[in-house]
Amino acid sequence: MLLSSVVFFPALCALLLSLWPVQKLLKSFALFLSLIEFGISLFILSQFDVSTASLQMVEKYPWIERFGINYFLGIDGLSIWLVMLTTFLMPIVILGSWNSIEKKWKGFLACLFVLQTAMIGTFLAIDAIFFYFFWELSLVPMYFIIGIWGGQRRIYATVKFFIYTMLGSVLMLVAMIYMMFLTEQAFGTMSASLLDFYRLNIPFVGGQFFSLQTLLFFAFSLAFAIKVPMFPFHTWLPDAHVEAPTPGSVILAGVMLKMGTYGFLRWVIPLFPEATEYWAWLFIFVAVLGIVYGALVAMVQTDIKKLVAYSSVSHMGYVILGLFSMNSFGFTGGLYQMLNHGVSTGALFLLVGMIYERTHSREISKYGGLANVLPFYSIGFFIVTLSSIAVPLTNGFVGEFLILLGSYASNPVFTYVAVLGVVLGAVYMLWMFKRVFFGPESVLIKEHPLHDLSVREYFVLVPLVVLIFWMGVFPKQFLGFSKTSIDHLVAHRSDYILMVQGQEGKQP
Amino acid sequence: MISDAILFWILAFLSLSAGLTVVMIANPIYSALALVMTMVSVAGLFVTLGAYFLAGVQLIVYAGAVMVLFVMVLMLFDLKNEVYAFTQGLLTNVVKLGCLGLLAGLLAGTLVLSSYQSQEIQDKVVAAADQTKALGQLLFTQYLFGFEVLGILLLIVAIGAVALSRSRGGTHHV
Amino acid sequence: MYNLNWFSQIGLQHYLLLSSALFICGMAGVLLRKNAIVILMSIELMLNAVNISFVAFSHYQSKLEGQIMVFFVMTIAAAEAAVGLAIMVSIFKRFREVNIRFFERLKG
Amino acid sequence: MNHPLLIAVLILAPLIGFLINGLRYQKNSANLSGILATSAAVLSFFVSVILVSEIFSLPQESRKIVVQFFEWIHVDSFRVNFGFLLDPLNSIMILIITGVGSLIHLFSIGYMSHDHGAAKYFAYLNLFLFNMLILVLADNLLVMFVGWEGVGLCSYLLIGFWFKDSQKAAAGMKAFVTNRVGDAAFLLGIFILFLTFGTVQFSDLVAMAPSVAEVSWWGPITLGTLFLFVGATGKSAQIPLYVWLPDAMAGPTPVSALIHAATMVTAGVYMIIRLNPLFLAAPNTMAVIAVIGVLTAVVAACIGLLQNDIKKILAYSTVSQLGYMFLACGVGAFGAALFHLMTHAFFKALMFLGSGSVIHAMHEEQDVRKMGGLKKYLPITHATFFIGWLAIIGMPPFAGFFSKDEILGMSFQSPYGNAAFWALGVFGAILTAFYMTRLMALTFWGKARFSDKLHPHESPWTMTLPLCVLAFLSAVGGWIGIPHVIGELLPGHPENFLEKFLEHSILPILDLPKAMPTMEYLLMGTSVLLAALSAYFAYTMYLLKPEWPKKLADKFRPLHELVSNKFYVDEIYESSLIQPLIQLSKNIWLYVDVNLIDKTTYVVSDLTKGCGGFVRILQNGNAQTYATYISIGIVLILSILLMR
Amino acid sequence: MGKDVFEVTINCIKLIVVFLMMVQAVPILVWLERRGSAFIQNRFGPNRVGPLGLVQLLADAVKFLFKEEFFPENGTKFLYYAAPVVALVPATLAYCAIPLGHPLQYGEYLFRLQGFDVNVGIVYVLGVSGLAAYAILLAGFGSGNKYSLLGALRASAQIISYELALGLSIVGIILLYGTFNLNEMVAMQQGPLSFSFRGHEILVSWLPNWGIFYQPLGFVLFFASIFAESNRLPFDLAEGEAELVAGFHVEYGGFKMLLFFIGEYGHMMVGSGLLATFYMGGYGIPYITNQALWQTFMDWTQDGQLAHILVSAATFAMFSFKLALCLWFFVQVRWTLPRFRYDQLMDLGWKTMLPWALFNVIATALFIFVAHG
């Protein structure tokens, strides 16, 4: 029941909110609900058993029995923190969007909560079709969030976003259905359960693109790569981010991109071990390309949000690099970097949103000297910037360090290039920081009567800043939850299977 | 039996000629009236088939209500005799006619060549009154769902039709 | 093949042939007429044709389901006529014309 | 004593100072925040004194205090604790850091008294101390990296302290980014060492260092140490990454003294000394370090010759002196490097503070050409600066003499060194003597060249007291490392205290030839004599015959241009690296992102649209056409059914 | 074969007879109406031609026949001429289905006193009378006159609207008797009022077993509806002379006009006949069953055949009496009540009668459900 409640409570909230009769306490009520949701997830965290790599708190009910499709939720070390991240960001997002959304609040909050259901569902679904359901569901509210509450070119951005992600996921659906048939061949009964997928032995022929495992591998990978997004598929991201309202950007960068990397970790790597091994070079190459490319392009952006968006491309490149290093450093680092990126990029978007609320401009060249006018805002921004460029003792460092270490252990040559990202990251972030915050005060700043952070904004920022340092100084507390799962994945990568807690002994 | 046959041929002739008139005649009002004729003869055909209740319903619903609506609307529009009754476009018309011809041929061929040649007229035709009762029973037990759905459909249609054709201002205010 | 008996002995086949003929008539109206109201009427004609075959089957197979179907078809036909005519009226109000070509445009 | 507590206090005192001052961010009371920060630094200093005395009290073989606080990262075999290690090597460092740091804090109270952001300034300064202490106390590479980046961060903040001036903000960014390049290499070094040895613990690394030197250029140790050295060049401003340091003078002068002269920039040297067995196992790296070191020493000194900004001159001097330290490391004389590090910390901090005092007195004027004759206005400053000057040009018995001559001597004697290193080293010393004398001459001596409205006055005691203390240290600091040859001459035969102290921390150079006293005398004498001559020449040139510089400049116009423009290094970097990079970025954004990828997708979408447009002909909105399709469909289906 | 031909012949003759009966009733009705109105308005009415002015009708007929043939310029000829004929058809067809008397048993033949016996009588009657709207529409459109078109639209809309209430009020009767057949309905209304309620037989011997006592509400609704159906006052909006100068038949004159009159009176007769059949025991004589009546006559004449004939004659007379009563009521109402306004008419139909009719259906169904336990 716990997992179901954490997945579907937000949907219930969406319903409640859309039926909420008055406009008055709407936001507060939504905030309250999101805090309840966070509480539920905290309770899950407290119930989580770190000693096992098996799936926990499993809920499995038949859904479409003819095809072996189940309502199947389970949590393990790979997904727990992503769920926590989602529930943690939601109250912050609601608080952060307090003033930035101007119309149709009810619809907006409902969209946000439905999105939360979809995201958590994606992280917790263990059944292929169930997973796919949530995966696609997540597109819809985001589509509306960008399309209704977005900026000038929002329609262009939404359509681009929607079609890009849709394109990949359709291939994934085909692959899933094919794998369901494979289970029928292998075990006699059709099953869409991921656990059964894991037990499949899919034939692999190295060097041939049109061999079964390779094709399935690429079908899945494309879907996830577009979502991440990896290098050549990334162009939807800047547009979507620029046009999205602040909360949309935060959720998009903070959680939705992780759905792609989580997909790699949960699906691609354990399901297709040989193909992953064989094609890892390609993904690492693209990831490294993405790191450098994203950083270079971010450097010359003139729009703060676009800059942050491209930095996302770069950062997500690190995650992919880590995952495809395929050692425990890489996996751990990748997983950690997902959380880091969620926190720090989310915070960056929130900060950009705050200043946008004040001046209604995101043009870097129009800014200057903000540090003098808004000292506390600048401190917040600076700390988040540090996290983003991975300064030690902030969260970013732990992830980036582990990723690069893992990557060096498996692919030294690519790592030499990837390390450039460390430098370039500092370049584009600090350059932006310099242009926006330092120097003489610009005309724009002088024209607008600016006030420093309000109490509400402190409530938005302080948890994030605390988390940035907490995750940087005590990463062990976070990684401890995922350690067993990752060790299991590393140790049994070629014959990965996952059990349900309490049923380890039984043969399925 | 021969009277049945005569009745059938008369009704068939009536309905077919009226049906052709519906399609061929340029003035839509005559079309509508011809259609009424068809309806009535179809009701007659129902009678020859022993479906008395349906024949009555056919009269009430089609002839009495639907066609009256048509005629009323046509009269309201007061369309003058149209010069071209049929759509323009030689190619498309040829295609359409070809389709029709093929379909007619196929249907006729199927029917004529089908295995219904040995016609066994079944004598177990239920008495008309009982038939109506049985119809009612069937409708309100086995097909109740369909019936209810139709009810809802009619409600929706009523609302929809009103919404579609309402004019600003209205005729009166209460 | 067919003798006089065919004319005096009325069976299912006759009704079905009549029904097909009426159906083709109605279809010709739908495909070829220009006036949208006549097209609607042709549709009614087609439905009637189908009704004939339903009732005929019901009669010759002693099953009442056919009549139930007719009942449903009639209801739907009435509904369709109501909505169709309502649309006609609003289209006519705008264009003063009921040519089927005016129904191509989704926005007035 | 409770070592964990002491070390915690040592490290955390500045952090607490930072937090307190940071939270009273907007309060303008410079004095209060200054006193707070200074007392935090002083507290650290006292604790470090206690700790060092603890170290002394231990037997020589086990002079080591290890404290593990908590496990930081533990993934698979990679296990890093927040652990700290105190041994003779870094006990000198912490003394320098906290000691000199305290003095500079004290100096800053006076220096920053008129600044609105004093609280912020002191907060940063304390944060720097905190990070620097982490750096030197770390017992593994990763914790060291924490400090390593941390000091870079503080340096960035302090250089850009007056961020309203875009130039200064840019300088901060330049420093950070340049450091970042080094840091990236440092990270790679960590990876290589970890993957080679399976640990990043200093003690384990040192213990596991092979006794047989690695000959190959591509061996893991060579590669790892090379990357670490690249990291060091970034932090310690060596060729090719030295460019940030002169620009870093944009920050407040005490910052330059503390960070960019005494402590942070020496982190690279400290790191190499810390890992000396590893470096010794990689002779190729050693060679590279020595070459880079000596080249930096000479090149920076050359540039220093013609600079006009008082702080820039000192900055290039710092770069040059750091080059000497690297030279020492490169030839295996790690002890000498540490020794020079220490003495340099004293005299360079002194000179920077002195220059700060001068600038303070001249109302933010930094151009030496507009000074002159300050001797009578600033007597204490002049006196202390004079001692610093003697120390840096290596006049016995001042601190610089001992450390520099040890380096020069070792570069000649050591099996890693050779005569060329020595010769270049001496050349560097000559240049140093020249430009430092020039600095003295233009600033303090001769006629006043500033306007009459300016009335320079001596600084308050908070500023002069540190100067005096540092002057004293610059004078006598060298005496802890008196070479044997001189020690034997002196009464009581003082030992080389430093060498003995570091005995167990630093590997001795193998097959070091026995020092010949005559040889040493000869080398010492040569360098001192040449430096003195050079100083006299400079004195003559800038004080007695002021027309000479111009003549010389005219005579060697191209050379003069080249040197006074710092060999165009910044320009070359700008035009060959930065601009191309920005252009490249703009182009790839424009051509790859906007044009290639998006256009490709547009082409795809246009194709789709085209197909749609084609099919749209069928979907023309005419209901009759649709009906025709339906009937065609019916006909087809019927015929298929019938044909079957 | 012979039997077939005989039956067809008899049926044709019956149709003609019934039609003629209906047509012949019209002059009498017109006279009744005119005299009645005069009586109500305290004047004489037609009293010059023949006794009590009874021959006045003949004179009128002659006048109608010799009137000038007239065709409006804008009219549609075919529709204009077809309309009066069409007007006659539904009324006649409907009237044919109403049983006029007790069936006459003559030898082996059962000779029904009605046009033809339809076993779904009510549905048939409703269906056929629904066609009445066409005549009005054709007339209205065929005349090519604005007023006549408006009148026609009004009239047909009115007819369609009230057909709903009409149909629904009949549903109560259908539920009550469980049959569509009019003959069976009449048969069930014989004798005194008696019904069973949850197993208890309830007998009210001083009341006839008529539908009106079971369906008072249905009766009222039906009664009102047939007024509307036949476009009589107070529902004669279609010909409101003040606004429409005469409605759909403004362009008609002479014999064509007469045909319309016949149609209208035919409708009245159909309505009255149905009213009598549904609610007033049809051709049944109150307080005595047909069987008992036959027995009485049998006792009296001692001839079974003659008794049958007498029973039929008596019941026919009874039916005619009831019909006349109803028709008189039509006349009475016409000259008593004022005309509705058009929107009031529609409101009454849709907002008052329809809900009440629905209520009636539900109440009846519930009652029957309860009564049958």
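When the chains are written out, they are named A, B, C, D and E in that same order, and each has its own residue count from 1.
Operating definition for what follows: a residue touches a chain if its C-beta (ideal position, glycine included) is under 8 Å from a C-beta of that chain, and two chains touch if they have at least 3 such contacts.
Every value quoted in this text rests on a predicted model; they were computed, and no experiment measured them.
Where contacts are defined as at the top, ignoring chain E still yields one piece in which all remaining chains are linked. Between chain C and chain E, the least number of touching-chain steps is 2.
Listed by label, the chains that touch chain A and also chain C are D. When each chain is reduced to the average of its Cα atoms, D sits farthest from chain B. Note: the chain lying farthest from chain C is D, by mean C-alpha position.
Looking at contacts between chains, the pair that accounts for the most C-beta pairs is B-C.
Averaging Cα coordinates per chain and for the whole protein, the chain whose average falls nearest the overall one is A. Chain A and chain D, compared by their mean Cα positions, are separated by 38 Å. One finds 5 Å separating the Cα centroids of chain B and chain C. If you average the CA atoms of chain B and of chain D, the two centres end up 97 Å from each other. Computed from the mean C-alpha positions, the centre of chain B lies at a distance of 28 Å from the centre of chain E.
Residues of chain D in contact with two or more other chains: 624, 628, 631. For chain B, residues touching at least two other chains, in rising order: 53, 57-58, 65, 69, 76, 87, 96, 99-100, 103, 107.
Every pair of chains that touch is listed here: A-D, B-C, B-D, B-E, C-D. Of all the residues in chain B, the ones that touch chain E in their complex are 3, 29-30, 33, 36, 40, 43, 52-53, 55-60, 63-65, 68-69, 71-72, 75-76, 128-129, 132, 171-172, 174. Touching chain B in their complex are the following residues of chain C: 7-18, 20-29, 31-35, 37-38, 40-42, 44-45, 48-49, 51-52, 55-56, 58-62, 64-65, 67-68, 70-72, 74-79, 81-83, 85-90, 92-93, 98, 100. Against chain A, in their complex, chain D makes its touches with residues 25-26, 70-76, 78, 142, 145-146, 149-150, 153, 156, 160, 163-166, 169-170, 172-173, 176-177, 180-181, 183-185, 187-188, 190-192, 194-195, 581-582, 584-586, 588-589, 592-593, 597-598, 601, 605. Of all the residues in chain D, the ones that touch chain C in their complex are 620-624, 627-628, 631.
Of all the residues in chain B, the ones that touch chain C in their complex are 1-2, 4-5, 8-9, 12, 15-16, 19-20, 22-23, 28, 31-32, 35, 38-39, 42, 45-46, 48-51, 53-54, 57-58, 61-62, 65-66, 69-70, 73-74, 76-77, 79, 82, 84-87, 93, 96-97, 99-100, 103-104, 107-108, 111-112, 114, 116-117, 119, 121-122, 124-126, 131, 134-135, 138-139, 143, 146, 150, 153-154, 157-158, 160-162, 164-165, 167.
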